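Next up: the structures, one after another.
Shared chain: subunit A. Partners: subunit B in the first complex, subunit C in the second.
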Partner chain A sequence: MNTYILLSELIVYALFLAFIVIEDPLAVVGYLLALFFGAVVYKKKFPLQTQKLSSLYADNIKQVGLIAALLALTFPFIVNGDPYWLQVINFAILHAIMAVGLNFMTGRAGLICLGYAAFEAVGAYTVGLLTLKLGVSFWIALPLSGAMACLFGIILGLPALRVKGHYLALVTIAFGLIVQELILNTESVTGGTNGLIDIPSPVIFGYDLGTVMNLGFTSMSYLANFYYLCLAVLIFSTVVLYKLSNSFLGLSLNAMREDQLAVQCYGMNLTSYKLYAFAISAFFGGLAGGLYAAMINFIAPENFGYSLSVIIISMIILGGLDSIPGALLGAFALSIFPEKFRAFEDYRVFFYGLIIVLCLLFMREGLVPFKRRIFKAFPREAG
Partner chain B sequence: MELLSVKDLTINFGGVTAVSKVSFSLAAGEMLGIIGPNGSGKTTLFNLLSGIYQPSAGTIALNGAPIQGLPANKIFNLGIARTFQNGRLFWNLNVVENIIMGLEETRTASIFGAIFAPAKEKALQTQAITKAMDIMGIFGSLLLNQADKIAKDLPYADRRRLEICRAIASRPKVLLLDEPSAGMDSLETERLMNDLLKVKKSIPDLSIIVVEHDMGFIKGLVDKVMVLNYGESIAYGTFADIAGNEQVINAYLGQEDGR
Partner chain C sequence: MAGEVIVQQFFNALSLGIMYALIAVGFTLFFGVIEVVNFAHGEVFMLGAFAAMIGGGVFAAAGFTPGTVLFVLLVLAVVLITGALFGAALEKFIVRPMRGTPDIMTLLITLGASIVVREAVMLFVPNGRNPQPFPQLIFMNSLTAGGVLIKAETLLCICLSALLISGMYYFIEKTVFGRYIRATAQDREAAMMMGVNVKLVFVVTLVLGSALGAVAGLMNGMAYGIIKFNMGFAASIKGFASAVVGGLGNIYGAIVGGLLLGFLEILVVSVVPDGSSYQDLISFLIVIICLVFRPAGLFGERAYEKV
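Let's turn to the complex of A and B:
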């Protein structure tokens, strides 16, 4: 295990925890500015070290992920089972699952999607309906929520095949609205505006995740159970999408983003690759929805509106398109920051819009730009 | 038997006939040059051959089997690869990846393999990189030294070389080169000619059709030349044959109408 990676991750984790502790909005702004300028100054003063550290991270990505996951396990204990922060972080994790999923489609394959919340809705209603009305176990319903979203991804993909750019964006907005309206209007099944109430909590080996987590020495809110469940799904999503991104499929989708005509002339069946991107991406949106339904126990159409789609896309734009670490960072940042500025709640969507505009104007590549290519030449022997 | 035979190929865009009744045939290993003034239908002909456009009439046969009307990806998989006039590389991918996009591994690799059979995927990737590096070797160390560079950071001439590498990566039967020397000075053009001769030498079976503006470029390279004007083939033969053809001279130099 590399000490530098461990140490730097510990520092980042400590800074993050410190951020959570600070309450006063002004202090938060000061803290963030200090961090930002600290990072900028460090980068300027020690360019070599920065370079070294970033290549160290890039070369040992598995170790970085493993350490981060282990550190994440400690979080509920550190906040001492505080339901407020667990709730916030759980939502951040759900957003992160959606962000890495959407990133595959929009970042890697270059297919813009402004209706991603629809996939979360499909997943949430799949779990809600299956567990509530049919009594199916959550553990069967969760993968089905992904599969169902996959199916909707293909349904969206089919009409979207013929359009690109702005028109694709419009089609996906329409898709998001259609799904929402569909849920509103099939009242007998989905409950319409009333939504679905009392969705049962998952039970594993007789242990209900909706009950207090009692460890003997300490007891924590039921949200701690969901924290670990969501974290597991996030790790699963990240690993799967990381592998797919670094495969031939990932390369082909990257090439498709660059030039749709050229990839066709190089033997790629554009139709199937676009559908792969839609379906794979939708799958993770569905999973996030399934988790959401089980955790909150109550879902209604307004939870999955257009603004959620915009929030998710602003996360991946902030983090850097086609960058999995970027998507994760963007999701956490944009889920947690607003909690610190509750007083300005009404401006939340304004704030997201502003971030998109500022990123597109001044920081095209986002916070964690993706520079690493999938395939690299072997070092050649001299001569 | 002829490798590629094109008969009466025609395409209309609305009322305009961009390519009209063009016929030619190509044997394995043969090199055909297509010349003609701007707007004479050279690139349109390529778009027809590579499946980007569907012909209004006429046939294209590869090894005797008709291929007209097939989508671009199928035509590529049957063995006709092309380059583009303006160089359509995958600009944000690196050199190796651009070539790998031309390899068949890219299209045959299983999606689920990437998740469930990582060892096999890894082996395939290593194989693909090896192949890509072998192909770059045609141009000596020119590209190999820049193998990890992003395509858009390559010098102009090397972009052309990379495009050729990407096109021959799939071991096509027919290679279509769309104005490979466009935008190059005479020195670079000469180098490119040598490069093409190298490609020719390393893959003797490869048939090449090259669209060009530059008569000098064509002259030293091709076995046969076809001259297009207003979408029609006005001359077809060896370079010596067409060089003396009055119609060709008119099309290229303009009629000497009593100035």
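Let's turn to the complex of A and C:
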């Protein structure tokens, strides 16, 4: 285990915890500014070390992920089971799952999607209806929520195959609104505007995740259970998407993003690749929705509106399109920072819009820019 | 009875369709000339309505009598200027810096801009979160002919739009600057080499399109009497949909597309039982069907990708 990685991640974690502790909005702003300028100055003063650290991270990505996951395990203990922060972090994790999912489609494959919230809605309603109306176990319903979203992804993908760019944006917006309208108008099944209430919480080996987590020496809000569940799903999503992004499929999608005509000339079947991108991306949106339904116990169509799709988009833009660490960072930053400014709750969406505009004007590559792969040599013999 | 209902609905559909057409013309102009899909175009629609409301209030306070021709003209001028300024600002701060970046970036930034504008209106206009009553601009009796009742506002809107659309037709087809615009749309580089000031063409295009969109907002306020900060979103979707149905880049296609969408929506609402809850779905379905079977729109030319 590399000491530098461990040390630097510990520092980042400590800084994050310090951020949670600070209450006063002005102090928060000061703290963030100090961090930002600290980072900029460090990068200017020690360009070599920065470079070294970033290549260290890039070379040992597995270790970095492992340490981060281990540190994340301690979080509920550090906040001492505080329901408020657990709730905030749980939402951040759900957003992160969606952000990495959307990133696969919009970042990696370059297919813009402005209706991603629809997939979360599909997942949430799948879990909600299956567990509530049919009494199916959550553990069966959760993968099904992903599968159902997948199916919707393919349904969206079929008309979207023939269009691109601007038209795709229109089709995906329309898709998001159509799904929402359908949920609203099929009242007998989905409960319409009233939504679904009392969705049962998952039970594993007789242990109900909806009950207080009692560990003998300490007891924590039931949200701690969901924290670990969501974290597990996030780790699963990140690992799967990371592998997929670097697979032949991911690279082909990357090539497709750069030039559709060129890859077609090389014999790539655009139709199936685009459908893969839609289906895979939708799957993770569905998973996030399934978790959401089980955690909140209540779902209504207005939770999955257009603004949610925009929020997820702004997360991946802030983080840097096509960058998985960027998507994670963007999701956590945009989910957690606004919590510190609850007094300015009304300004939240305004702030998201501003972030999109400013990022695209001044920081087009995002916080963690996507690193182009450098081919050292052909790993295997070609042909 | 049935005949009267049909005539009545015909006028409803006409005023709705012509409103969509005015928005769609902006979308299609921007796409044809600047090659940008401006997702913030719906906001100019909303801003137009708010400018008319605030302008109307200010003029009434300044002593102009609501209902006179002068008053209406003043409000119209305010709306046009607001739209034009918004278009110019959009060109300067959003569209121009993004030139040369991938389509997806321009699209996302206009999306961001639309959110910023929408939320800014909600936050900074007094009581902006709630629907605002739109002041009555004209006081004329509704026309009744054989049991058909037509609001004076509807007639005024239809006439005004017809006037604006013909004015735009004249500008684009008959004037020198219109020729520059058409040349830029056809081939930007060639137009530049012929000495067309392409930058100015871009600004004028955005100003023109946005001003028309703002008037659509004014019409919406007059027709429904209530405006809200988030009305631009639906308008932009409908306007874009109309432009797509007509073929993006084709101005006359956009007008036909807008009218088509307006008529189809009213048809569904009045014929299908409980159709009003599906009103929005219809336009989306039409767009998706249109994109699948005729991606270039009804009047668009088949596009071939340049290599």
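Quick note on the criterion: the second predicted complex is superposed on the first by the 373 of 383 C-alpha atoms of A that agree within 3 Å, B and C clash if a C-alpha of one lies under 4 Å from a C-alpha of the other, contacts with A are read in each partner's own complex, and residues count from 1 in each chain.
The rule we apply is simple: contacts are C-beta pairs under 8 Å (C-beta built on N, C-alpha and C of every residue); 3 or more make two chains touch, one makes a residue touch a chain.
Remember, it's a predicted structure, so these values are computed and weren't measured experimentally.
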(message) Contact-wise, after the overlay, does A:R162 reach subunit B, subunit C, both or neither (first, second, both, neither)?
(response) second
(request) Based on the superposed arrangement, let me know which partner A:F217 touches: subunit B (first), subunit C (second), both, or neither? (result) neither
(request) Please indicate which partner A:Y347 is in contact with in the superposed arrangement: first for subunit B, second for subunit C, both, or neither. (result) second
(request) Answer with first, second, both or neither: which of subunit B and subunit C does A:R364 touch in the superposed model? (result) second
(request) Using the superposition on chain A described above, determine whether A:L270 touches subunit B (first), subunit C (second), both, or neither. (result) first
(message) Which partner chains sit in contact with A:I313 here, subunit B, subunit C, both or neither? Use first/second/both/neither.
(response) second
(message) Quick check on the superposed pair: does A:L261 touch subunit B, subunit C, both, or neither? Answer first, second, both or neither.
(response) both
(request) With the two complexes superposed on chain A, say which partner A:F205 touches: subunit B (first), subunit C (second), both, or neither. (result) neither
(message) Please report the subunit A residues shared by its interface with subunit B and its interface with subunit C.
(response) 261
(request) Spell out the residues on subunit B that touch subunit A in their complex, using ranges where they run on. (result) 50-52, 71-73, 76-77, 81-82, 84, 88-97, 100-102, 104-107, 109, 111, 113-115, 118, 121, 124-125, 128-130, 132-133, 144, 147-148, 150, 166, 170
(request) Report the residues of subunit C in contact with subunit A in the complex, numbered from low to high. (result) 31, 37, 39, 94, 97-98, 101-105, 107-109, 111-116, 118-120, 122-123, 233, 237, 240-241, 244, 248, 277-278, 280-281, 284-285, 287-288, 291-292, 295, 305, 307
(request) Using the touch definition up top, name the residues of subunit A that touch subunit C in the complex. (result) 106, 110, 112, 114, 159, 162-163, 165-167, 169-171, 173-174, 177-178, 181, 184-185, 261, 306, 310, 313-314, 317, 346-347, 349-350, 352-357, 360-361, 364
(request) Show which residues of subunit A lie in contact with subunit B when the two form their complex. (result) 240, 243-244, 246-252, 254-255, 258-259, 261-270, 276, 373-378, 380
